[in-house]
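Next up, some structures in C-alpha cells.
Two complexes, one shared chain (subunit A), two partners (subunit B, subunit C).
Showing the complex of A and B:
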C-alpha cells in the first residue's frame, strides 16, 4: 500500500516537470494539427478524397475508410511506439535519481516506508505516466480520425498499450541503473542502450550467422536471449494497429516476458538499494 | 540470506522473462500475405505466350496487283469480327485456368455425375474438354469461338446438323436446322455464329480474303487468364446492389477492360474508362461506397470471410478512368469447398 502512495507522490511530482509537460503539450499540438489540417470526404463508409493543409482535394484509393487508413495507422503506430520509447527514456530519466538525491532520500528513509516500496512505488508511478502518454497519443489520434471519418478504430490504442508494456522493461533497467549510479544521464543512457540492444535482439537469428567465431556467436545468442525484443513488439504493435491478425498466444508470452524483465530489473535494484548506506 | 532474496528473485524472474520472450519468438510479424497477384499489366509469361501464338497468316493486299502479304498474328484474335461500341469481347484461357490451383480444387470436388457428363462429351465429340480446349471467346455479334485441338472433333455428332461443306483453304462451314452456323478451321478452331456471313467472315479473315480491320481485341490487352471488354451490365451484376449504380455505369463507362489472374489466387482488375472525368469519378466513388456498405453488412452479419474479401476490393481513380481491383485468395476458396479441395495424401 505504501508503494501506491509513493507512486501517487511521483505523479504529483510529474505535474511540475517541464520536460514531461512539454511532451504532453507536443502530443496535444500534433493531434490538434492533424485535426485542423486534415479533411476527408467519406461516402457511405468509403474514403473518397483527402485534403491536407487546405490544398486541392486529392483523389485516393476508394475503399472502406478503416481499410484505407490502415497504412496510416501502421505508420502512426511506428511513430508512437518507437518515438514513445525513445522520448520516454529521456523524459523519465530524472525521476529515480531525484528520489535518491542527498537530503531527499534521508528524509524518505526516516518515514515508515520500506526501501522496496520506495523503488516499487517510483517504478509504478513512472509506468502510469508512460501509459497515460502512450494512450493519450494513440487514443487522441483515434478520436481525431473518428471525428473526421465516423470510423473509430480502437486497434491503435491496443498498439499504444504494447508501447507502455515495453516501456516497463526499459524503465526497470533505468531505475536499477539510477540506484547503482545515481545519475539521470546514466539512467537515460541505460534506457536508450537497452532500447537499441532490444532492437538488435529482435534480429538475433538473422545476425548470429554473421559471426565467424563459434564462441562469439554463442555469447551473442546467450546475451540477446535475455534482452527484450523491442523491434519484434514494435512490429506487432504496427500489425495490431493495421488490424492484421496476430498470434495472441505468442504475443501474450512476449509481453509477459517484457513485464517480468522489468520486474526482475526492479528486484535487482531493490537488492542493491537494501545494501546502500545513506 | 534475506538480502540475497531480492537478487535470487531478480535472477529467477530474468530467466523466466527470457523463457517467455524467446517462446514468443514464433510471433509472425510483418505484412501478412494479402498480396494476391492482380493482373495490372502483362507479365513476361504473358508476352511469351503472345509471341508463341503468333502464326503466319495471309493478308489481303491493298490492290489486286500488289504482291501477297503474310503477317504474324494470333489466329484467334484475327478471326474475331470488329468490335462496336458496347460490344463484349472476352477471351477465357480455358487450358490455363484448367491447370490453375483454383480449378484443380474445383475438379477435385467434382461429383461423379459431372465426371460422367464429361466422359459422355469425350465419347460423343472426340474432344476432351479438360485437355483439348485452349481458349473460349465470346466475341462481338454473339460470335462464340473455341480454340484447341480439334483433330478428332466429330462434327456429325452435333445435334441438328443440316449440312457441311468445305470453305477456303482449311475451313469447313456447318449449317444447323435452327438457322445457326458454325465453322471449323485447321482442326484448331470452331466458330459459332448467328449467320452464314458471320461464319464465312471469320474464315475469310483467317485466310486473308477480306481486308483486315482492327481486331476486336488488341494483342496488348491479351494478358491474364481471362481478358477483354465487358459490358456495364456484367460489372453491375458482379457488384453489391446500390441505387443508381447500374444507370451510372451505363452513362459514364465507355469501355470496361477486364483482366483475371488465376495463376496462384484469383485476382480481377476492371479498367473503367469514360469520356466525362467527373462522371467517371462519381462512378468510382459509388462503386467504392457500395463495396464499403456490403463490407459493413458482412461484418454486422458476422460473415468475417466475406468481410475480409471485401477488404481487398478497391477503386483506384486516375482521371478519366479508374481501376476496380478484386481478389479471392486461394485459402478462401479452400474453406468454401471444404475437405474435398485438399490434394490426396501422398502414398
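Showing the complex of A and C:
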C-alpha cells in the first residue's frame, strides 16, 4: 500500500515535468495532425481512396479497411515502440535520482516506510506513466483511424502494451543504475545503452559469425543472451499491429525473459538500496 | 529512567573515515536535548544513525524502546533534516498531504491546516515550494516533522535561515511540544538557540560524547565568581577585567566567604555577586579547546 502512495507521488511529480508534458503534447500533436490531414474514402467497408495534406485524392487497390491499414499500423507500431523506448528513457531518467536527492531521501527514510516500498513505488509510478504514454499513442491512433474508416483495430494497442512491458525491463536497469550512482544522466545513459544493446542482442546469431575467434564469439553470445531482445519484441509488436499471426509460444518466452530481466534488475536495486547509508 | 534514546558504543566508519567513535548517550523521555559540537564532530551522522538512515558499524541503539528500522518506532518520530529538499512543483498543502499519507494518518486535513497556522505558512498553503525562501522551507519541514504528534522530534538545524521573529515562534512551538510530553532532540550550530530551548545538552567531539547532562549541572561546575564593588579595590585573589567587575576563584562557599571577607577587610563594599556561569560557547570551547 505504501508503495502505491509513493507511486501516486511520482505521478503527481510527473504532472509538473516539462519534458514529460512535452512528450505527451508531441503525441497529441501528431495524432491531431494525422486526424486533420488524412482523409479516407471507405465504400462498403473497403478502402477506396486516400487524401493526405490536402493533396489530390489517390485511389488505392480496393480492399477491406482493416487489411488495407495493416502496413500503416506496422509502420506506426515501429515508431511507437522504438520511439517510445528512446524518449521514455530520456524523460523518466530523473525520477529515481530525484527521489534519492540529498535532503529528500533522508526525510523519506525517516518516515514509516520500508526502503523497498520507496523504490518499488517509484518503479510502479514510472511504469504507469510509460504505459499511459504507449497506450495514449497507440489508442489515439486506433481511435483517429477508427473515426475515419469505421474500423477499430485494437491490435496496435496490444503492440503498445508490448512496448510498455519492454520499457519495464529497461527502466528496471535505469532505476538500479540510479541507486548506484544517483545521477539522472547515468540513468538515461544506462537506459539508452541497454536499448541499443538489446537491439544488438536481437541479432546475436546473425552477428556472432562475424567474430573470427571462437572465444570472442562465445563471449558475445553468452553476454547477449542475458540482454532483453528489444528488436525481437519490436518485430513481434509490428507483427501484432499488422494482424500477422505470431508464434504465441515464442512471444510468451520472449516476454517472460523480458519480465525476468526487469524483476532481476529491480531486485538488484532493492538489494543495494537496503544496504546504503545516506 | 525511561529513555527516548539509548546509544551504546555507536561507531560508524565511512571507507577510511571514522565519523563516530563509540557514542554512548541516554536521552530521557520528555526532555529537550541539544547536541552540540564543532563542524565534523559527527552530529548529523549520529542523528541519521538514530533514525536508521545510516547503519552503525558497531554498537547498539534503541529509540523509543525499539530499533530505528522498526516501522512502528518511526511512526512515532518526526524528523527535520539539515537540508530539506522539497519537490519544487508541489504546494505546502500537497507536500504535507503526501507526508501524512506516508505516515498513514487518518483524516490529516485538519492537522495540516492547524500546523500550517502554527508554523506561519497559512497564507502560503497553495504556493509552490519553488517560490519558498529558505526560512519558509524550514517552517514547512518543521510542520512535516510535527505531523502525527510524534513522541520524539529530531531536528537538525531547525532555525537555519529562519528570521529572528520566526526563531522565537519555533522556540515557542518546541516548548509547547515539550509540554505535551514530546522529547525534542536538537542539533543546532546556533548555541544561543540551543541554550534557550534545551534543558540537557551533549557535547560531541571527534565522534564521541565528551560530556552530557542538564545545562545547569554542566555550567554549575564553574568555581569562578563575579563580584562588583562600589569602589575599585586591590586585594589578592581578585582580578579586575576592566569593566568594574572582579573575578575570584572559590571551590566552595567557605572559600568564597573567606575571599569576600578579605575584600571587605580592605574596604571593599560589595554591591553585586554572582557565579560566573559559562554559556554554551564557553562550555564547548572548554571541552574541545580552541
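The rule is short, and it goes like this: the second predicted complex is superposed on the first by the 278 of 278 C-alpha atoms of A that agree within 3 Å, B and C clash if a C-alpha of one lies under 4 Å from a C-alpha of the other, contacts with A are read in each partner's own complex, and residues count from 1 in each chain.
Just so it is clear, a contact is a pair of C-beta atoms (placed from the backbone, for glycine too) under 8 Å apart; a residue touches a chain by one contact, two chains touch by 3 or more.
Because the structure is predicted, anything quoted here is derived from the model rather than measured.
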{"item": "Simultaneous placement of subunit C and subunit B on subunit A, clash or fit", "value": "fit"}
{"item": "Partner chain(s) touched by A:257 [first = subunit B, second = subunit C, both, neither]", "value": "first"}
{"item": "Touching partner for A:43 - first (subunit B), second (subunit C), both, neither", "value": "first"}
{"item": "First (subunit B), second (subunit C), both or neither touched by A:63", "value": "first"}
{"item": "Touched partner set for A:157, first subunit B, second subunit C, both or neither", "value": "neither"}
{"item": "Contacts of A:239 with subunit B and subunit C, given as first, second, both or neither", "value": "first"}
{"item": "Subunit A residues touched by each partner, larger count belonging to subunit B or subunit C", "value": "B"}
{"item": "A:12 touches, of subunit B and subunit C: first, second, both or neither?", "value": "second"}
{"item": "Partner chain(s) touched by A:119 [first = subunit B, second = subunit C, both, neither]", "value": "neither"}
{"item": "Touching partner for A:267 - first (subunit B), second (subunit C), both, neither", "value": "first"}
{"item": "Superposed arrangement (fit on chain A Cα atoms) - minimum subunit B/subunit C Cα distance in Å", "value": "13"}
{"item": "Doubly contacted residues of subunit A, that is, touched by subunit B and again by subunit C", "value": "275"}
{"item": "Residues of subunit A that touch subunit C when the two form their complex", "value": "2, 5-6, 8-9, 12-13, 15-16, 98, 101-104, 106-114, 275, 277-278"}
{"item": "Of all residues in subunit A, those that touch subunit B in their complex", "value": "43-48, 59-65, 67-68, 116, 205, 225-226, 228-229, 232, 235-236, 239, 244-247, 250-258, 260-261, 263-265, 267-268, 270-271, 274-275"}
{"item": "Subunit A-facing residues of subunit B, complex", "value": "3-4, 6-7, 9-14, 16-32, 281, 284-293, 295-296, 310-311, 313-317, 322"}
{"item": "For the subunit C and subunit A complex, residues of the former touching the latter", "value": "14, 48, 51-55, 71-72, 74-75, 77, 79-90, 94, 98-99, 101-104, 141, 144, 154"}
